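Note that the chains take the letters A, B, C and D in the order they are written out, and that residue 1 is the start of every chain.
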């Protein structure tokens, strides 16, 4: 699915992140897609479609909070993974829901705020398909690839 | 699925919580089951099986962190819902992962710590099928049924 | 201490925020100073000097984490206060320490991410006197002036 | 200040925790006192008096949220310190304020929930002098003495 990336051989970039995502049954089940990975900026962008089984309510086109939290956890993980060269275990995270998350898909923009020897910290902003900020996350990961 | 509850007619208890769960495509998709609801103690217990699509990795019998966070959010919500008589919007929550969550199913024990006029706060402990504590959550909800 | 502000009479701005700070024995004891308040951007900036009683250790010029958390709580509160026209109760907050906070003073930049009818959410970045990001906070407040 | 402890020579217990507290100008300034340390249970109890400079408001006998957060951070740190044998750096923490914290002093009861190789996690309940739960904290520390 990921187009050939401009990263040199053996580099850890968009294609490697998408491969991590596709290797996880749950992430694949949510059809999360890595759409940008900028190692210099520490930013990863991911998209998730409003699949029927991700809805809060059968009658309303809104995401349940669980998949939103899952997208935040994953996108933040990948922002730290990009810095350390591999997937990392989540230590903890916080999610704040600001508005209902409606529309056709969600876009998560994850930014590594700090990656040290022990832990990495990422912020994640989630936008709906109209560009409205609907949720924000902050997560701490082990900085050891695991 | 829910057995007849000892609650009087019109009360909000285990059966009503399970009905809330079943009305949500995502929660139903995770097969979360309410197995206890004690309004006097402010405690709700929920169980979630290790379905194939909830796995972190196809080759290991472990839950992905996303469904664990979703279980925490839902169980905490229901502990507050039990106090206010209906489902409530999540304002924010924090999840700490303590150990890999493996085994056949997870058990979440949610306790309302405080339900005021504006918000309710719940703690959630998650145990694997061997009774080991694998994750803990703390969540704040609007105290207005919505 | 606050210079005359360009806000019209009765408006809630920098001078009113500083008055709130000065009315609180603890905040005054930390000598927190409001140095900018931009209602349109939802941003408040505050400064706190490294007083002897705010140190982590007598032999090192570093802030203890407690005053850093206090600065984050206060600056975030004021960013929401600016939007709603008065001080607001803190519901909860999270602090992540990224580096030791050393130097002569700290600068907190608080941004309101969302102020709704029930709650307001603010992000706070804390910088040392060299401009290094040392800590980040995220806080939820009641949106009712209290 | 700490009475002779029943711990054997060289053990890390109540007296060593109080010495850590007294070595920090900020903690000493808040007059935090370690009143119990049970290594087997992973529990540390600390007390903080309502000093004039810790008040939220000059006219009301209530603690400001900053000192409450500081007490939580410190008590949680000491619960992990008890397990690893020395003070540890805070990675992050969350505080939820449940009620105004009034009265003559606060009591913090910190419990280590999990101490692994990389991080330790502690829960802290804060009670006023009437035994009412007024705030709760959850914190993550490095498990390396630093």
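Note that in this section a residue touches a chain if its C-beta (ideal position, glycine included) is under 8 Å from a C-beta of that chain, and two chains touch if they have at least 3 such contacts.
Everything quoted here is computed from the prediction, not taken from an experiment.
**Student:** Which chains, if any, touch chain A and chain B both?
**Tutor:** C, D
**Student:** Report the chain whose CA-based centre is farthest from the CA-based centre of chain A.
**Tutor:** D
**Student:** Is the C-beta contact count larger for C-D or for B-C?
**Tutor:** C-D
**Student:** Between chain B and chain C, what is the gap in Å from one C-alpha centre to the other?
**Tutor:** One centre to the other, that is 35 Å.
**Student:** Centre to centre, by mean C-alpha position, how many angstrom separate chain B and chain D?
**Tutor:** For chain B versus chain D, the centre distance works out to 30 Å.
**Student:** Any idea how many Å lie between the Cα centroids of chain C and chain D?
**Tutor:** One centre to the other, that is 23 Å.
**Student:** Going by the touch rule set out above, which residues of chain B reach two or more other chains?
**Tutor:** Within chain B, the residues that touch at least two other chains are 91-92, 94, 96, 121, 140.
**Student:** Quick check on the complex: what are the chain D residues that touch chain C?
**Tutor:** Chain D reaches chain C through residues 23-27, 29-30, 52-58, 64-67, 69-70, 73-74, 89-97.
**Student:** Using the touch rule from the top, collect the residues of chain D that touch chain A in their complex.
**Tutor:** Touch list, chain D to chain A: 91-92, 94, 118-119, 121, 140, 142, 144.
**Student:** Which residues of chain D touch chain B once you look at their complex with the stated criterion?
**Tutor:** Residues in contact with chain B: 94, 96, 98-99, 113-114, 116, 121, 123, 133, 136, 138, 140.
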